[in-house]
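Just so it is clear, A, B, C and D label the chains in written order, and each chain counts residues from 1 on its own.
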């Protein structure tokens, strides 16, 4: 049941990443996905009555935080350089 | 041990050339020359010592074996029999000439040039004596890379294209052969109860069922016929030959093609007697097609070196015909053909190089009437043109005569068509003489000078070789008799 | 005596080596001495050997000498070894003796040429090769000589290489003969496959009990050999090269394209007579080819205007006679005709050379004329030659040999009236064009001034040859006249006697008819050409068309152009840049296109990349759900 | 935890301290050189430690880690690569205006992450290692933020990496849900007991996605070229070697634990991916004019080859290790050349810049040539035995399809390697490029180390026996 919710959440996040053009929103959507995964872990942990699921969730939180911090730093840089956050403008690197 | 010395001297000499050339290119040339000559003298001297052994006809004259990668049953195993010996002599003879004829042709980057030249020779020599399949493949590749550089750096206008084509064609074949080698390796390993080895003599007594054998054999065969080259896999050859520097063409035509034929004789026939016998008729057919097709193309060319290149396509067709006739006479003829074609076509390429040096063109329509200015070169050219159309008392005749003689009982029709190739060969060969040396002199300005002393030495030695082979081929035939004989009884 | 044989070809070879290596640095006198001298020595040795042979026929009927073993592979073993029997003796005598005369002649004839040394080098090499051809005791060595003479004829036809037409002629000669040679080679393969040897004595001795007479194999072998012979001897349909070969200097035409090389085919067939006797069909073919050739070539000779081309065509037709003789099994007659023909045809060519030189390289007979008074020596020698050619009875060598052929062409077992008639017609034509030649060149008023008389050194060979072309016949008389048959006695040590029909009319009758035809030819020629050279021909259009047709050698060249040369050149031209190359370029193109397609995906858009990842996931998931 | 276990972890502890030490040094305002040298020392320390504890292996540290010969091999490989990368970084960053010090922290953290991956036998350690690696990589890639495209590359990598780790996590969660354990061995046991279910298979699939992303396998390869191009040359080297080695290590370990080769499904997937990698990678590189991108594509292809070894199971591991060794040496020397040639403004990634290099500085060109030949797998270079062993493994398992595809695609690959080589040897442009003489000592140190790498390539190429033996020996420790 909870797994289902997690799956839905995950899918939503995925859709968000796909549809959004703005880097910040993309990051947010990724966060949603990560948390969906976390939720899944918690669910699994509760299923087997183990603490590991929740432990894992903590790790996920930490990692998400680190990731977001780096991500936002990069976003700032992008804004400085491109004066926009639209990923469609990030196309200097290509064949 | 002498085999190791031979190869080692070349490798070391090559590096020495490269290093010395920074200061003094003159010394570097001499180093190269001396290195090759010593390498040449080693087998000769050995022959002078051990003559009786050869006459006695023990197949394997010299052995050298050392561990290399024991984990995979790979050993550094060199051995020489009559066939290898003959090929080695050819290799070093042409090697010396190659060094000589690039004496003045190569102006810049001399050191690196001779490095590549010597390493190519080393690789070729290795191919002729390697008796461990891994080692064989190793040398097979080693001779390509320096050759690639020779073409790509010192080549003619269109060199890069030619170099790619050469390398990629041969590499494709090589990798397929590698696959086959591996397959053979495992099959043998499983048969002999976990004795995994790449050793030629061990693998010789591997038994395989028809289909497997045929596939594995194809892997080897493709690699070798690409080198040979066999129509329709010959397309790398005209470009490579025509773009390479003189010495490059000399080595390509004189030696690299031979490695293909050598491979067939040494590996394909003994390892897969039955399988190769099954494809024999097809191979002979393709060989004959090659003879005719190459001749037609040769006749059409106007670029001298390209013309000569196609003639070797035609001549190598004879090799294919002869090898797969599985007759002693034919196989002996094939060995002769390897020698004589090496000498004669090599000589023609050297001539083409000399002409290019003088006239700065390879287009035969811009030549003509050169006999007046260069009677010596004309005479020499006449000799080798006659060799390429198979005139008796020149070695090529013996070769082609034996091949056809041997192939005739096997397949009269194909042999007759192949003999028709002799007429075609007359067509294109005479065209060379007529376009280049006969007719009205076309060159404006002062006439080109005749052969210099150095060039005279080169051509004279080649001429002597081809005539000797034509009038007294017996030593060669004796030398390979046992090898061939074994081959014939195997199948 | 055996040990002498090697020296016969060795001396010319020596001359060749010296001249080709150092020739450019030697004084002309020395070159001439070496060039002619070596051949003269060879001739002397030949005569010594010949005398020895005639005194005591060696056991086995031949001298033989093994020089060294050439190559031995499996059951094939070929030696470099020489063998001289009665037949060979005739040939080497002609080669060396006539050759020596011609060399002496050329020493003066070529004096002003830039490439004096090259000329003599090639000539010596030719003599050497020709000697090897006839002295070889196995067919491979013979083939060596066979190809060698081909090479030399190529070199000498194209001797004046600045003129492109000469080179073309040389190529043509080499290629057409090469076709024959290849057939011959295949013949050798088949022969070896059947008999397991290529040794001439071996073959001759094994063949009869191996082959059933007329079995397909032997027929095939002999036909292949015959084609080889046809190529060298310029018989139909491979005759077209010989007239063009006249591009070479006159001595060359005399030696190679009249006396010796072109008769190699005759030699081959005579040499292999055992095989030919075993194959009646081939024999018939040989006879017919000879007959046709002699007629066709004779007709062409009638209308040529170039003096050397006339002689060339006449050569073809005379060799036609020899083939006819061979075909009907008149072996000794054929060889005898070769013997006499060598003298008078060489003579004619050399004399023609003198005339041409004297008239500023004028080849057209209608620009000559009136030389009778001015160049008496040449006139008389030429007369002797022409007489022999047209076989004037009893006063010319030609009569004795040709009369024998005419007689046998009816009386021999394989002969018949048809062949006889053709031969007769040939005789008539021969007489006609010989007369035409004589009259147009030597009578009438002079059209081109003479600018030099021949040197003494050139005249002497003429006289010697003239003597022989009169006297050479007297060693072999028809049976019904004088019982003197030295030649056939000699030759028949090797060649079988001619088998005759039964119940024939008297031989005198035939001789009378032959003589009559000859005189008729001469008379007609006299009627047509005396005083008013060739006028009547030019008038009527129908005739001039025929004349044109004959003049171009029955349009054979055009035919071959159309049948072989043009298609071949076309094929090679269209495929100049190797069709197969397209395939590989195609592969390369394909991978490049693939590359451009793939790199579309690398357009730098992050969202596309995400889609890519998603696609991957979907792919994997679906794969999982499917399996 | 016992003393023995601590001992076993010693190398990794040293590695961790390296990062901290650097932080402290920065706090004390030490110069770049000092940091560089210290870092170098620390890395050597790690290697020594590894050598020191070698005899006590294998050692389990339940539940997270296991330190065995396999781990030792891969860690050694990683550390070796980092040593070279560090060396390259020095001269590279000395040229740049940015303050390079923090760079080393990130470098060592990332290394730690990779190292942890090699010893992890548990999802948590796997996850931690992976994230340690990737988070530091985001920063490393975008380190030279003022150079155009660095940030772009960083963002691209970040978004995609985060996405992939989301998949990884979800996959893990599914598996955990299914098996009730996050330990590889336990999972394997659970599967053997219960058999596979849809969820488990899904989980595996999602994990494969993450792994595939990190290894830049087709179709998760699209980021590779851009990131390689955008990142600073040393970092690119790092991504190409260290991170991939670590991830590959954990992949192998996981596969071994759950006997991946026994699931036909997984084998099929990997086969398809491998073939796709070989083809797409080589084709994409054909006409590429940018050396860094080209190397990216070639690395895609090379991991395709590597998968062949991976698919042939136990037999392949040795081959894979050898291949990774040869591959990393090769790539490092190639990137070394790129670094040496890079100027202040931009990395030397344009092929036209290499025209006629051989006649300008033969040694550099020689190194680069050898590297390229090794990538092409030509004898006399390490690449040849590497490719040979992989083929051997493939043929041994009768994976003919893969073997033949490998052969044909490496022929295609030949073309673009030759293209670069012939550019190196082409006639040089008229304008000579100015030589850099800054910091000669480190410059030549790097130069020398590159020469050493080249010799190493040649040596391994001619005499691979030694390496093969040692690798086998190490692999036996478990």
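Rule of thumb we're sticking to: a contact is a pair of C-beta atoms (placed from the backbone, for glycine too) under 8 Å apart; a residue touches a chain by one contact, two chains touch by 3 or more.
All of these numbers come straight from a predicted model, not from anything done at the bench.
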{"item": "Chain at the geometric heart of the assembly (C-alpha centres)", "value": "B"}
{"item": "Averaged-CA centre spacing for the pair chain D and chain B, given as whole angstrom", "value": "43"}
{"item": "Cα-centroid distance, chain A relative to chain B, in whole angstrom", "value": "65"}
{"item": "Distance from the mean Cα position of chain D to that of chain C, given in whole angstrom", "value": "79"}
{"item": "Euclidean distance of C-alpha centroids - chain A vs chain D, Å", "value": "26"}
{"item": "Contacts with two or more other chains, residues of chain A listed in rising order", "value": "17, 87, 90, 92-95"}
{"item": "Per-residue multi-chain contacts in chain D, two or more chains", "value": "155-156, 159, 163, 225-226, 284"}
{"item": "Two or more partner chains touched - positions in chain C", "value": "599, 602, 604, 606, 610"}
{"item": "Each pair of chains that touches, named by its two labels", "value": "A-C, A-D, B-C, B-D, C-D"}
{"item": "Chain C-touching residues of chain A, taken from the complex the two chains share", "value": "14, 17-18, 21, 87-88, 90-95"}
{"item": "In the complex with chain C, residue positions of chain D that touch it", "value": "155-156, 159-160, 163-164, 167, 198, 201-202, 205-206, 208-209, 212-213, 218-220, 222-223, 225-226, 264-265, 268-269, 272, 280, 283-284, 286-287, 412"}
{"item": "Complex interface listing, chain C residues touching chain A", "value": "599, 602-607, 610-611, 614"}
{"item": "Of all residues in chain C, those that touch chain B in their complex", "value": "20, 24, 68-74, 76, 80, 118, 140, 143-144, 147-148, 151, 154-155, 158, 161-162, 164, 167, 171, 174-175, 178-179, 181-182, 185-186, 188-190, 192-193, 571-573, 575-576, 578, 580-581, 583-584"}
{"item": "Chain A partner contacts - residues on chain D that touch it in the complex", "value": "123-124, 127-128, 131, 135, 138-139, 142, 145, 148-149, 151-156, 158-159, 162-163, 165-166, 169-170, 172-174, 176-177, 180, 182, 225-226, 229-230, 284, 288, 293"}
